[in-house]
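Presented below are the structures under discussion, each in the form of structure tokens.
In the two complexes below, chain A is the common chain; its partner is chain B in one and chain C in the other.
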Partner chain A sequence: MILGYLGAGALLAGVVLGGFSALLSFFAGWRRADLFIQVGRRAFYAAAAMTAIAAVLLEIALLTHDFSLAYVVEHSDLATPMALVAAGFYGGQEGSLLYWTLILGVLGTASLVTAASLGGRVLAYATGILASILTFFLFVLAVVASPFDLLSVTPPDGLGLNPVLRDGGMLIHPPVVLAGFAAFAIPFAFACAALIAGRTDAAWIRHTRRFALLAWSLQSAGLLLGMWWAYHVLGWGGYWSWDPVENVALMPWLATTAYLHSSQVQEKKGRLRNWNFGLVILAFLLVVLGTFIVRSGVVPSVHTFAISAIGPWFLGFLAVCVVFAGAVLALRIGVAESRPAEAPLLSREGAFTLQNLLLLGVIAVVLWGTILPLVSGMLGTERVVDAPYYQRAAGPILVAVLALMAVGPLLPWRRAGKATWKALRWSIAAAAIVTAALLTIGWGWGAIAIGLAAGGVATVATEYARAARRNPRLLVIKRRRYGAYLAHVGVLVVAIGIAASQFGQQEKDMTLRPGESVTVAGYTLTYTGSEQQQLADHTEFIAAMRFGGTALAPSRATYAGLGGQALTHVAISTTPLADVYVVLAGLNVDGSASFRVLVNPLVTWIWAGGVILILGVVLGNVGEREMAAELARRRIPITLPA
Partner chain B sequence: MSALLRWGVPAAVVAACVGYLIYSASGGSSVYYVTVSQLRAHSPAGDVRVAGVVENDVQKSDGGLHVTFTEKDGADTLPVEYSGTLPDIFQPGITVVAEGRLGKDGVFHARTLLAKCPSRFSTQPYTQ
Partner chain C sequence: MAIIVATLLLFLAGPFVLWPLLKTPEEPIPAASRRTSS
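== the complex of A and B ==
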């Protein structure tokens, strides 16, 4: 009871402090009042601290089973293991918003503490924007969807959580994705602040690079963890279903991928300034749009949050963000004017620009597919698209991106000549050989995609070999560059895994009697018999299968307390070339059992690629010297001429 | 001017390609998302998706690989037939989305069957 009052109080205090910080900071930036800038910034820290207090109180309420709080009742019970009770913090609508706000407060604080070098006005406006976003979230939490709502009667036990969600994947996937979402606000705030203040040099890019990279890495990891969880737990044999929930997480990731590349053109050559502002703003707007779509139920989705009252609030917030960002961009575009691009198409600049255009194309495809039900519903009968639309529309663009990954890193800045073609010979050879080999087994587009990915790996190998020949220490000194190439390898390995499992998947439904065997894609499985286990709250039906020397035990649990809800436990056996994925559909009275068997080639490459990707980001940035310090050492002025 | 041409033309070409891909792909693979009553009133040609609540008349055969049931939406009902593995949370009372077409026999032959996921961490299955 007391926790509920304290939590609601902390949220309200946060709203007041955040609103005060926002108003004061904008005023201070306008009047260049240094004292007010300091006060505004400290008010933001205080609002962030209130958020942290509210988060701690909710976690205490969950762990102490305080069933006077509706949120605790709805998302935990006495029987749930403690780790999952703790995870209930970000498991529901209200709690996940509070978690998001907490991360926004923490990262916002970190970004403001280290931003002194950007100058008072940029700092003031960035504080104002971050405080506005924080205040909006705190307001929604305090007024519309509070995790601290009290029940009039305290029940003896909570409702617990659905068995589908009683899984370790539940502990790490949501917080990573939500933290990624929250992190996109930092580059947005500083980009808009730099625009308003008229500081359009690359200083804001350098300051927010870490945060953009953090957002991108978290989102990469979050997407892959979600895919891993769906593949291992949901038991439908795939890992990505182009559901709106997945799409809205993918789009900001694509926009930030584009930005991480185009920002280098500005850092190194001082070009593409307006473009970079646009990409960072787009990424944040996509996050807000996605949050509105996912949490309002406006488009049909298999896993929408329960429809709640926060939808209209997020639509309003989206409208305010679009108008604000649009106005800032439109009014300040002249200030940010950069020199016209002088480089020819066939250059590093050209490759970055083309990559940006292609990724924007993928965003357009995904966005259209996601909002089509909304648009068509307004004009007539609601229409939806599914996987074939995305494969046909986004597939060719993604193949073009793979081709660019094979060529781009070897293109020099400014101009490509004969030497470039010579450098590309290994990549072209690798791509040609792999494509030709795979075409013989009839993978069509998959052969081309995997071939190009092999070419990309050869390109990275060429770059490493060049550096090693010149001076092996370069790999450490320029680790930002070579770390990025390692991240490229990660993406390419993921791409190979996706292409192989998309084009090479084979599946078969069958009913087997004990002793009978079945062969799918050359893998033979034998059904040996079944058993039944009665556990505390569910009955487990287990089918035993023999696959080579290993035993597989796909099973189904039936929860009597949940109206007989079933839960499939998939059995997966990983061989070097493919996963054998067995789903038990049911046991029959005559002793036979029905199965769905899938053979998914190279799925493990997707998870391995994710690890390589994160490794590349980490190795490339550990102890990386600040760009500003590097430029100062080389006596290059930090502020490029406008 | 030349810079504008050099960058504007490729950008326009990429935009045109993306536009064409979206247009051709969404024309070929979009399906109507209708309610049971809309389907009863006017059945569009080709595949449709129908959402509704599973009634208490689920009949399973072939070890659970074949199922028939009734989908209800408001006052209208629709018999549905489906072959394949069922979603885990499939049971009477949950909302499902069936994709397929309405046969001449008045039975909806579903090609795929999606179940609405439960709201995270809540035991009450999500129903509309």
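== the complex of A and C ==
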């Protein structure tokens, strides 16, 4: 019980400190009062520390089974393994908001500590904006959805986690994706601060690049982990269902992908300043919109466990963010752009601009599909779109992005010449050969997508070969560039995996008696028999199958304590070319069993591509600043005393 | 109870937050001594 009081107290103290930091920082920035800027920043650090104290207290309450707290009762029980009990911290609405606030506090602190070079006013306004966001979250946690609410009677045991969340994926997917969401606030705060302070040069981009990249990487990993989890746990044979929760995680990722490319145009050429501000602001607004959509339940979603009464608060917060960002942009728009934004299409900057427009097109498609039930519901009849809409509308745009990935890295700044076409020959050849080969097996758009992705890989190989010929040390010295190309390879490998599994998937439903076999896409499986196991909190019905020398055990778990809620455990056998994916649909009284068997080509490429992507980001950025500093030092002429 | 805890935490955080205002300002170097040193 004492933990509840301490936690609620820490949250309240955080609200006061955060609000104080926000008000003082805006005032100090306006009056250019250095002393108050420092105090405002320290108040932010203290508010972040209060958030950390609250988070530690909630974790202690979970691990010590303090069932006087409603949150602990609702998201853990004595039978759940300790790792999952600890993960219950972010397994529910209130805890996940606290986790988000914690990451915002930690990253906000890191960004402010390292931002001294940006100047007092930018720093003050950034502190004010970050503190405002932090205060909003802490207020919601302290007043509307507190994880420290106490029960009048302490029960002997808790209700436990939702069965879908009782999985190893729970330990890693939610924290990564929530941290990604929180990280988008940092570039947003510094972009708005730079606009208010009138510092529209690229300094804010250089400072926040690492945080934008961190947000993008976390979101990339979060999306892929979510796909992996859905594929391995939910048992419907796919990994992406265009559910609103997936869509709202995808949209900020797309906006930040666009920003990470267009920001290079500003850094190198001083162009697209307004555009970059707009993209960073858009990414954060999409995060807030997504949070409202997911947490309010205004749109039908499979993630119903996240719904609560905090929706209206987030709608209000979204409105404030839109008005604030719109006002800040309107204040400075036109002032920031000092040079005309002309860019020939066949140039690096032209390719970046086109890529940005295409990605915004995908965002528009996904956004309309996601909010259609909300908008159409307000106008009369609620309408819902499903996967074919997204595939038809976003698919061709994404294929165009793949084409751009095959061409863009080889285009020079300013204007492309004959040398560019010569450099492109390997990419064009790779794309043509792969596309032609896959068209013969009737993969249609899939053939074109995979062909273009192969062209993109050839483009990166060409760039690596060029660098290796000129000077292999270039790969290390310009690691940011070549790391980004490796991340490109990761995205392309993911694209190949998605295209192959979408266009090459084969499935079959069947009922088998023990000893009977079935063949799907050339893979033969034999049903050998079934068994029933009684475990601590559920009953497991297992149907054993043989696939070559491998034993597969698809099963169904029934949780009696949760009203007979059933969960499917799929069995997957991975071969180099395809996954054999077996779902147990049901066991019959005559001993037969009904199955759905799917053969999904190249799904492992999606997970492998994710690893390559993260590797590219890490290798491209570890020690990058130190290397830049070293090069700068080397260039400074040594002046001898006279 | 939570308000008492919050007040206590704010009291504890006070010196850290207000440190730039609390610390003794550096004494200005007298003009005469500056002239002497140069």
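The rule is simple: the second predicted complex is superposed on the first by the 620 of 642 C-alpha atoms of A that agree within 3 Å, B and C clash if a C-alpha of one lies under 4 Å from a C-alpha of the other, contacts with A are read in each partner's own complex, and residues count from 1 in each chain.
Convention: a contact is a pair of C-beta atoms (placed from the backbone, for glycine too) under 8 Å apart; a residue touches a chain by one contact, two chains touch by 3 or more.
As the structure is a prediction and not an experimental result, all values here were calculated from the model.
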| item | value |
| --- | --- |
| Residue contacts on chain A - larger count, chain B or chain C | B |
| Partner chain in contact with A:Ala49 - chain B first, chain C second, else both or neither | second |
| Partner chain in contact with A:Ala13 - chain B first, chain C second, else both or neither | second |
| Which of chain B and chain C A:Met545 touches, first, second, both or neither | neither |
| Chain B versus chain C as contact partner of A:Gln38, first or second or both or neither | second |
| Touched partner set for A:Tyr5, first chain B, second chain C, both or neither | second |
| Touched partner set for A:Ala212, first chain B, second chain C, both or neither | neither |
| Residue ranges of chain C in contact with chain A within the complex | 1-10, 13, 16-21 |
| Chain C partner contacts - residues on chain A that touch it in the complex | 5-6, 8-10, 12-13, 16-17, 20, 35, 38-39, 42-43, 45-46, 49-50, 53, 148 |
| Contact set on chain A toward chain B in their complex | 74-76, 88, 91-93, 96, 159-162, 164-165, 170, 174, 234-236, 300, 302-307, 340-342, 344-345, 353-354, 357-358, 361, 364-365, 368-369, 372-373, 376, 381-386, 388-390, 392-394, 396-397, 509, 511, 562-568, 583, 585-588, 592-594, 596 |
| Contacting residues of chain B [partner chain A, same complex] | 3-4, 6-7, 10-11, 14-15, 17-18, 21-22, 24-26, 28-34, 38, 44, 49, 51, 60, 62-65, 83-93, 97, 99, 114-126, 128 |
